[in-house]
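In structure tokens below, several structures.
The following pair of complexes shares a single chain, chain A, combined with chain B in the former and chain C in the latter.
Then we have the complex of A and B:
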């Protein structure tokens, strides 16, 4: 008979193997990300920059871009996993609660109102995106407090998303070409917009969010087996509230700095469950963050198209990568469910 | 070890379903609770688990008022299997079991062997690595009961445990309940409408009727009178 001990040991071994593999992939992609690009800094110079130009390209462009991709990929995947657990739905992602749409509305208002033309920095856009996405989160909770089930929260989030989208459409219709271009570029997503200070702020935020969620991993597992229903209703509502706030704040900051990055948040947790073949949050949480970081760097590498003088929007690449994964997993699953 | 109640009154929103009921149940006993739908069987379980406050009276575990127990202490003593449980369909069976077990138990060799013993007792070793959605309703019920036993609680509350089980599986469950109560000293409460199942495993019967509870050590007698009452009402 296969004993529980045997199964648990096997799962732990599989997890460790995958983590090792992912770390190697991240190192490999990171070296590629630092050495490829139109600026002409070679692979050798990554480890030993010869002149000021190479140092500048590495320190001011490529390293922040790599750190941003790692951070944002991990953060969005983490946020997606948390929301998929809360809503017990593998097709839920960070964009469904209307938080990304709130950020879009904030950025649309700033760009269309011409605030950004007074300043060369991205600060007004980032500030507006954070304020509006947090506003959406507060609105969501003020409404959702009246509902007992999570599905209603999801529906309210989607409705808020449509509402914000409608206002953005009106602003787009009324805007001039420059503002429209600025907003459209923001909406395409990019890992090139964060400086070291901003990376540090978002890293600390993600670390705090991760530690809080990881400490609740056992409760999240209990939530999946219905242990918090009925008699533990208060504990369940506290957990759901905490998880939605954490996923919401994480998504808000990421979207504010990098624009709405598509499909990473939905696809990566599913892919991690698929390779690990388990749903234990003790393994899924670190695994999802590492896989998200690796995939984001890979997508950024592809979007930069180092073989060409042109580059693609990151959003296009993440969608091209994420959508087939979801479709593949739906068909791969024996029962046609995720 | 014993569970006792002194003039307990329980129900929803301060509206009593049961009035002034006193009892004492020693460990190792199997108590069957009978009653029509809405009579208060599940409400009694929820009250024990702390999901619904007791309206009046005192519930004692080994002479200690259970309202003085912390949430986790209470959940170490009592564990409840509702009639319907929402379990994430994609989970593997072994995950349902390990998620149920207290975290510290999974680290000890001895406790892992005990988990294997429960798995054998419930006869679920052949589908440990299947996903929950691949199981039949009867298999799911057995897994849910096994998951409940992983908690190693002293008092087990089973709400309609025989639902979805065929005759053979019901017999296995009766055997498991007897083994748990007589050999492991567990106190087991069963709420069920399946009179044959109750006859096979209960030591004591409680019948909730019109906000009163009738306690009878003779299971056959109370089942006869309960069955007569239902037939008369129909």
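Then we have the complex of A and C:
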């Protein structure tokens, strides 16, 4: 008994230490993100902007980008963790249900239909992405209701993804250069597209989703080790339904605003499990959100390349970061499940 | 050792004979002046064109028919009076020319589907026609070779100099057996452009260009068509030392450059009704900080048929820019939206 208590205490201590470390990393990265950039707004000006232009750069460019990176990193990692629990598979991510592909299809239709990016307004694309990704989610559920196992839902999700991909390919094939460029850049992901209003909407959504999932953390733990299967099948099905909806809606909104951001949703929950060495959602949920936020800001810093006029697509950097982790996890989990 | 010496001597001699034969076979200087994508040599009865590693020789009086794959090729052929030589096209949806669409409807002009995936079977039945290639054709090189098709790449879109784009009319002239006419048309374009250019005052007005695409600004490089045009109009293009034709810039880098711009050159496929904008409106609409901005040099590419018309009338585009950089109103391509 004493040893279990001791283990729990050790887990708690490790968790607190990691949370503290993550918060420090986030603060450090945030200061760097706000201080670095081609506009030459210095570290000191972050706290006390010298002129209107510095204020503009901070308020209209750097702060929204930082908040977006924090929010999207946290949201995708959260969504990935929830889906990995639902499917009891560490290699599942937010894109597997076809939701990102649905969003891509929506954006492809809008860009190929000639709604041009005349101003910075992304409203038509965001709207189409949300409508199509939610459409995919509804389709998934109308089909998935007929299956009893989650693997079938996963397969249906992947098939929907291929279907959406096929339509996108047709649209790409028929599109002109400008539309193709617009769609390609959307697909590369960016944290520079959200304004304060949109950030607020996604923050509130993520907060509600987080609270709902966190309240179900004990059930998620039981589900993960298979104990819920034996106790209450109905309860299990309700939990799975709720979790998929939450992960789906979160992914849909994130993809709609920032494009499909690769690998954060798969890699971060695995990395958090690895550092905490536990699968308890009480610790994993906050840890994953914070780590996701920190990694997203780090990736954005690298992709912005403040030392140069060039910038890299965020997706390239998140992939460079995420793929080695996933490969590592595949080797690690050959004989293990969650 | 002696044998080796004679062997090397023989090789050197034969080598020099071979090169001198080549030298004797072609005119020494390329007839292209501004374009870098092709070289043109005149012989007694024929014209020789080098485009990249492709080499074509046509008799001066040759008569050809054409399959086109871009609207700029249509512009060239119409200017050369060769419209009736067009027997087919790719991507019918990109054309707005009523005569061409009418020909297509009546079956006088054939559609070979998309340039990205042509109807090879139909195309091979017209293997004697010249297919004017565009961006996609390098992908089909093997198929083109197997079907023995006659594809000539028209890479005018890769030229950075305004007159370099127009100079591709000389290649069309060679292919249609009307080189002299093409050369004369080009000389007129060149003279008009240079005449307009000579009227520009080098007043160093600061100009920026760039279009927004989903989180990134697509900005022409410092040696691009846009940069050269702005310089020829007497302005100073704010992007420096960027060798690529286009650069994807993040919001902050773009805002930093646009901050000191007095004019912003914008091309969009939309009719923008605004006549005057406040700096605050520009800031809110585009997330930029236009402290010095006096105006936006705005071109609706659809309404003005910019890509087709500016190709052979760079003087008119230059004239518009010169007028607007001096506070006037452009007539053909650009409209000045004043910024207060």
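Everything that follows uses one rule, which is that the second predicted complex is superposed on the first by the 319 of 338 C-alpha atoms of A that agree within 3 Å, B and C clash if a C-alpha of one lies under 4 Å from a C-alpha of the other, contacts with A are read in each partner's own complex, and residues count from 1 in each chain.
Convention: a contact is a pair of C-beta atoms (placed from the backbone, for glycine too) under 8 Å apart; a residue touches a chain by one contact, two chains touch by 3 or more.
Keep in mind that this is a model prediction, so the values were computed, not measured.
*Asks:* Could you say whether A:62 touches chain B, chain C, both of them, or neither, answering first, second, both or neither?
*Replies:* The answer is second: A:62 touches chain C but not chain B.
*Asks:* Touch test for A:259: chain B only (first), chain C only (second), both, or neither?
*Replies:* The answer is second: A:259 touches chain C but not chain B.
*Asks:* Of the partners chain B and chain C, which touch A:278 in the superposed model: first, second, both, neither?
*Replies:* First partner only.
*Asks:* Check the residue A:181 against both partner chains and state whether it touches chain B (first), chain C (second), both, or neither.
*Replies:* second
*Asks:* Classify the contacts of A:233 with the two partner chains as first (chain B alone), second (chain C alone), both, or neither.
*Replies:* Once the two structures are laid over each other on A, A:233 reaches chain B alone.
*Asks:* Kindly classify A:4 by the partners it touches after superposition: chain B alone (first), chain C alone (second), both, or neither?
*Replies:* Once the two structures are laid over each other on A, A:4 reaches chain B alone.
*Asks:* Taking the superposition as given, does A:192 touch the first partner, chain B, the second, chain C, both, or neither?
*Replies:* Touch status of A:192: second partner only.
*Asks:* Show which residues of chain C lie in contact with chain A when the two form their complex.
*Replies:* So the residues of chain C in touch with chain A come to 93-94, 114, 116-117, 211-216, 218, 242, 247-253, 255-256, 259, 268-270, 272, 283, 285-287, 289, 291.
*Asks:* With touch defined as at the start, can you tell me which chain B residues reach chain A in the complex?
*Replies:* Per the touch definition, chain B meets chain A at residues 46, 49-51, 71, 80, 82, 85-92, 94-100, 103, 106, 109, 112-113, 115-116, 119-120, 125, 128-129, 133-134, 147.
*Asks:* Which stretch or stretches of chain A touch chain B in the complex?
*Replies:* Residues of chain A touching chain B: 1-5, 7-8, 88, 90, 218, 221-222, 224-227, 229-233, 235, 273, 277-280, 334-335, 337-338.
*Asks:* Enumerate the contact residues on chain A facing chain C in the complex.
*Replies:* For chain A paired with chain C, touching residues are 37-40, 52-53, 56-57, 60-62, 65, 114, 116-120, 122, 125, 173-174, 176, 178, 181-182, 185-186, 190-193, 259, 304, 309-311.
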